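In the two assemblies presented below, chain A is common to both, partnered first by chain B and then by chain C.
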Partner chain A sequence: MKKITLMLLTLLTIGSMLSAQKITGLKIIENVYNRPAGEDQTADLTMSLINSRGDKRVREIKQFLKDSGNMEKKIMFFVAPADVYNTSFMNWSYEKAGKDDNQWIYLPALKRVKRISSDSKSDYFMGSDFTYDDLGDRQPTDDTHKLLREEEIDGKMCYVVESIPKEEEYMYSKTITWIVKDNWIGKKKDFYDEDEDLLKTLTIKESKVIKDYIIITLSIMHNVQSDHKTIMKLENIKIDSGISDNKFTERMMKRGI
Partner chain B sequence: MKQKIIIILLLLTTTIMLNAQITQRGFVRTYLGALTEDGHYSILQNTFDWRLDYGKGDVGLYVNPVFNYDGLSKDLNISLRQAYFDIFFDNFDLRIGKQQIIWGKADGVFITDVIAPRNLSEFILPDFEEIRIGINALKLDYYIGNATIEAVWIPTFQPTILPDKNSIWYPKIAEFPAPVTFDYSNATVEQKLSESEAALKYSYLGSAIDFELMTAYIWDDNPAMHIYPFFTSGNLQPDSLIIKPEYHRLPLVGTNFSKSIFGAVLRGEAAYYFDKNFSAEDLTVNGIKEKDYIHYLVGYDHNWFGVNVSFQFIQEYILDYEDDIRNDEFSNTATFLASKTFINETLELSLFSYFGVNNGDALLRPKLSYDISDGFNILFGANIFIGDEGNFGQYDDNDMVYLKIKYNF
Partner chain C sequence: MEKFINKILRFPKITLLIILMITVLFFGVMKQNSKMETDLDEYMPQDHPAFVYSDEMEKVFDIKNGIIIAIENKDNIYHTETLQKIKDLTKALGKMKEINKSDVTSLYTADNIVGTEFGLDVKAFYKRVPKTAEKLAKLQENVRSNDMIFGRLVSEDETVSVIIAEIEDDVFTQEFYNDILTLVKSFEGPEKLYVAGSPIVEGTMAYLGPKDMKKMVPIVLLVILFVLLFIMRSIKNTIFTLLVVLFSVIWAFGLMAAFKIPVYAVSTMIPVMLIAIGVADGIHLYSHLDLFLQKNPNATRKEAVGDMLKGMWKPVVMTSVTTSVGFFSLLTSQVFPIKYFGLFTAFGVMAAMLFSLLLIPAAILLFGYTKRKPKIDKKNKTDKIPFAYKFANGVIKYKTITLFLTIIIVAISLFGMTKVWINSSFLDKFEKDSDIVLTDKFINEHFGGTSTLNVILEANENDAMKSPEALQLMDEMQQKVDSKLAVVGNTFSLSDYLKRMNMVMHKDKKEFDIIPDSQDLNAQYLLLYEMSGDPENLWKVVDYDYKTANMTIQLKSDNSKAINSAIAEVENFRDEFKKLGIEVNYAGSGYKALVFTDLILEGQIKSLVMSLFIIIILLSFMFKNFRVGLIGSVPIVITAIIGFGVMGLLNVPLSTTTALISSIAIGIGIDYAVHFIERYKIYAKETGDKQKTMELTMHHSGRAIIFNAIVVIAGFMVLLFSVFPPNRSLGALVSLNMFTSFLGTVTIMYLLLYKTNLFFGKKK
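Let's look at the complex of A and B:
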């Protein structure tokens, strides 16, 4: 009996090792990247910025997103604070590797839509702890990925993947991501600065299933070096509501919310 | 009287708000500026800028009264910056009323941006939203995919507001061979249909490029200075001169573009003006010569190591030039902007500067802005004029430092 149990355990372990060997870090990140999220999305985004003294500032945005396969269009209307009310930001990003995003901003005081430099992906978005690149979909081929281990977080088994950027001057030296094995949702991500010191930790606090898609609704980005946090919350989410292409135009940027 | 107006406005607004859902926004601002040469205050303003927005279905209403108390002159000025209706249709929008219409891709330079006149009573130092004067107009925007055709009709002419003669911003006037008096009897444009202005623009915004093509049949916002000499018999030199400012038509065509190149943005803008009136020394033509004129710009915006940087080179060229024209045949100007934010965008340091190449003059505008809390901002700045002549050098004595405290609601 003991021999049979020992054989079974050995077989299970070998099986598990073989299955672990089958999947690579790149494949895991590709699965995360290709996880379906619907063709379009409407949501109210609230970012609470909290500094080391506990002072809180709040940014409210209404955002619309549409993915047409080879191109993703996003438009954001700033609701709060009052000094940026009705400012809008539009981004068109492309599936094709190497093709730069197109970005425009509409400032109500200037009353015109201005094309802006898309070479500012390392800039922080509206003073939050998220850079523009953190908020976008980074292409899996931009980094070299390595599966480090598997471990459990909050009762969920996760793959732990290290990603090192191919671009030498990139703002992070590496990232380490914890990805839930059964649904390809990121659970946690550590960002390391150019000196390879831990800079920020992103923690996914809540996700919801909306129309069969898993959507992250609450996350916290904590800059451990400055002890500044951003709590990002998505509410009033609508998926596949059939947003028209006309939503992503100069007309809508000027018209506002 | 003014108190009554305020009370009436408040009552009216309150009444409307009780009956309809109106969004109220705006700001309250204290603005204090002092000349560095003698420490005298040049600006002491308290402003309440109130923006009322009402929308129901496909119709909108926007009203922007501005209350400005000048602490130096003790005057309270009430004005309407904008007041218009919007009507939205499937493929086109109509905007009717007093509105600011802004065209072009240039920053701080006016090339195809000729629709809204400017309030230059404090030179070009106020925020651009405050420099531009709202005009009574009917604007129609027709949309075809990513393209827009915009047609504007302005029934009455509104000129640019120039600095008062006693203002420190009153421009240096040219030297004349005899005493000068001004006669403003011709400085009006009749308010009738035939004197109205019209403009048309086609604009396209796409992944490869954004561009605009425009044409306008407008009045030159700046009057031409017609000079009438008076001679005593036998004298070759005039004994006196009368200058009669007069507005003239200024038709133009223009274009502009902006394009992303390797993460940066390249911009260009050009306009060809027909028969612009230039001041000249030749008194046999009353000191005015009509010449075609080209005004263009190339600009480059980039983010270098977290610093937003922008360069512009601007050239004005008078065609078929004659030596007695007071403006140079070529006038070259450059602008430079650098800005960077710190502490999660609560602190911003920026420098915007103009360089007049012909006269070796410049205007440097450093600013330090800090968000005390959401919507509550404090700004320290300086305006430094360099040179002896030219657009900027003529104000060399007007270097100033200023402080603005602003609360947005």
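Let's look at the complex of A and C:
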């Protein structure tokens, strides 16, 4: 009963805003998924990994990204630490539901490009606390979404959406996302493991507007069970600089930066 | 002193009442505050460098003790139902409040690093339980081709698979163990399930030992009661001799509880010591009383008590003080439970002294003494010589033989002492056919081993563990340890990851099952692993900076010989690692137990030697003669030497409990020696005749001593029927010590007294 009254109240208060009136959880998540982010992007990514003892490792990566509608291509080159310099990683992910990503890795010391078969988007991305899905690859239709409530975080009104995966054996039993109402940027996201215990919390710390696009530039993923943290920082971001499709080939992986 | 006691004894009722009241008070405190401490880590000196280091490394690499649950399917484990059980049990264990979800490892949670035609793949062996024959066969093939899993999580004959649940040191309780057993039981049939692992062994031991003791001590006391009754032929005497012991135990534990000191497993040795030592005073006192009454059958209570105290207060005080000092010397130990053991046993001994000097006389004053008929065979006395006289003369007559035998026995014992070995094993303390030992054996037959030694390799700069030289040396060492020692079942380190990756990246070709020669390639493989696998697993073998590595050596036995043999092999590589700037150290609970046992032993030997010196000095002062000091220490030395010698010869290893028994040598040895010498001195003064002195002493003290020995030996023999093997060796060793103390006193020490002409100096 309480929930219903609460919902009615919130509905009444936002009743004046026409667009918000009939919004559903799915619609919100779709809006986030479809938020324009430009066709391509170049950036320097700094990934800091911090374990429960406070030990810290830093990886510097130069990344290129291109979204061509039905598929997204990404190539990354390690800049630091020195012993993995020019190790590169390429990922092609497809819009089409059910089609697995293609992934390649190039190890300069081995001088060979290798395919990594990926049946699991639940793999952790480069030893971080992010899985590939966490980084935004997950299709809205993979989950059932429900708008729980609206609440304010850091002075911004947010939708709070609960998403339950349709696939039973998925690594998360559910996620809860706080999404800023006016710009469809996530503010916070809680991930629950298969036993419905809180596993991780993602916090968006900073975002920038570049060429009319809102780009998340600083985020922290905290695995509360292992107390491991990953800080992702994007710098020197260039959007829509017209990266050629040729950039995303095995040849380019071998060539290095 | 005597006057003081007599003053107090003017009020026997009040004396008795006060003692009783304090005892009741202590008993109340004991009932309320006594807490058993079974966590073995609490026993270890936390600031000892070896423990500090090990604890730190246990945190870095998340080294914990694992409970091992084995599932056996006589056919093979690749059946849908069996695999379902592995999955369900893995999940159920993870949900227990004592276990972290991420600390449960099984075939269900394990990573499979495989080469594909494209490259590398790290994935689970199964998420959904395979149902078709085809899928089951595929899983079987995957396991077989993965050295990191095959033989580790699945046995090589494929009939057993293990689930390992790692727990923190302090979470094990008997209830938790029962919960696990109940849980496991619910998965039983047709598969058979087994539960093992060091937490189970340690937990059960810490619980079983004292529990068994609690059951056995009353029986010991009962037997002592009957033997006392038989020997003393007096209910009153028996009761008060036993009350002295009982009250001293209550006072010791009561004081301990009052200071909120928990009861450690070694504390169960306190009553053992106090029983063995405490009955002595009562026996000597009553023995003296009886001899007096035989001569003066119509003496008043007051007269009898007066004579008893006059003749006995000195030896009672002397024995108690020296014994206490012996136990006080245990305060030098680095191990707290041992310190407490020494302190409270010393307190108990002093309490027993107090009761002997106050409670026993007060009781006689109040309740009277047991009348002794003057020996009827008084007329025959001249022709029927007491056995004690015969014995006294016999020893002297055959002194060469006595001496010779003593020398031979001591020599054999000294030889035996060289064979004494220390065993920190917990498993060896259980019955050979107990469930715990059998399960352990079963798992050891199928897998690498239930015990582990962690070898910590520490470099002085980051990324050192990525260097081919370091990794190759690690690999070489693993191969050596693995192939040379039968007791080593498995080894595991960072090098295993790199070898597997290298091979997989080269289309599973065997010739690439080696550490790559390039540091960059190693680094890139590791990055690749982190990108595709579960990097958490990596942090169990190397730290975040690749500066320190943890190599696990799995052993099929937790006994000290096994751990030491592995350490010896590793030590051969110390210099080579040093050349690479890498230090070798050890960690883990098995290693800690080893260091701990060494510490206990070192402390025990130190205190034994120290108390021996103190006792010699004390005795020298008490008798105002240095030679008496030396002679008086003979029973102690003989008892200790023979005690350790027999252990060596019978292959009974020294452990925390058996090492402590040597303390009994001090307590008993000193008792016998002092009573004997004091009597000897008194008779020497009275008679001035050596022959007569010898005979009388043997009749008086010798008699009391053998009574004492018989009583305690009979009592402790009961422990031979204990269900807990360490308590059995305890019973046997206490009995042995009593016996040798007795024999040493009445033979060799007696001979030495005779030979040295002590107390006859002036006449000669």
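To be clear about the criterion, the second predicted complex is superposed on the first by the 235 of 257 C-alpha atoms of A that agree within 3 Å, B and C clash if a C-alpha of one lies under 4 Å from a C-alpha of the other, contacts with A are read in each partner's own complex, and residues count from 1 in each chain.
To be clear about the criterion, contacts are C-beta pairs under 8 Å (C-beta built on N, C-alpha and C of every residue); 3 or more make two chains touch, one makes a residue touch a chain.
Note that the coordinates shown come from a computational prediction; the quantities given were computed from them, not determined experimentally.
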Sticking to the clash and touch definitions up top, decide whether chain B and chain C on chain A clash or fit. clash
Once chain A of both complexes is superposed, is A:159 in touch with chain B (first), chain C (second), both, or neither? neither
After lining up the shared chain so the two structures overlap, which partner does A:57 touch, if you call chain B first and chain C second: first, second, both or neither? both
Quick one: classify A:78 as touching chain B (first), chain C (second), both or neither. second
With both complexes superposed on chain A, which partner does A:184 reach: first (chain B), second (chain C), both or neither? neither
Given the touch rule stated above, what does A:126 touch, chain B (first), chain C (second), both, or neither? both
In the overlaid three-chain picture, which partner chain does A:115 touch, first (chain B) or second (chain C), both, or neither? both
Could you say whether A:100 touches chain B, chain C, both of them, or neither, answering first, second, both or neither? first
Can you tell which stretch of chain C collides with chain B among 116-124, 332-340, 692-700 or 710-718? 116-124
Common interface positions of chain A, toward chain B and toward chain C: 49, 51, 55, 57, 81, 83, 109-110, 112, 114-117, 119-120, 123-124, 126-127
Where on chain C does chain A make contact in their complex? 59-60, 91, 94-95, 100-102, 116, 118-123, 127-128, 463, 466, 505, 516, 518-521, 523-525, 527-528, 530-536, 539, 543-545
Which stretch or stretches of chain B touch chain A in the complex? 25, 27, 88, 93, 100-105, 127-129, 141, 143, 145-146, 148, 203, 205, 207, 210, 258-260, 262-265, 267, 301-303, 306, 308, 341, 344-346, 371, 373-375, 377, 408-409
Tell me, which parts of chain A touch chain C in their complex? 49, 51, 53, 55-57, 78, 81, 83-84, 87, 89, 105, 107-110, 112, 114-117, 119-120, 123-127, 169, 193, 195, 197, 225-226
Contact residues on chain A for chain B in the complex? 49, 51, 55, 57-58, 80-83, 85, 92, 94, 100, 102, 104, 109-120, 122-124, 126-129, 228, 246, 249-251, 255
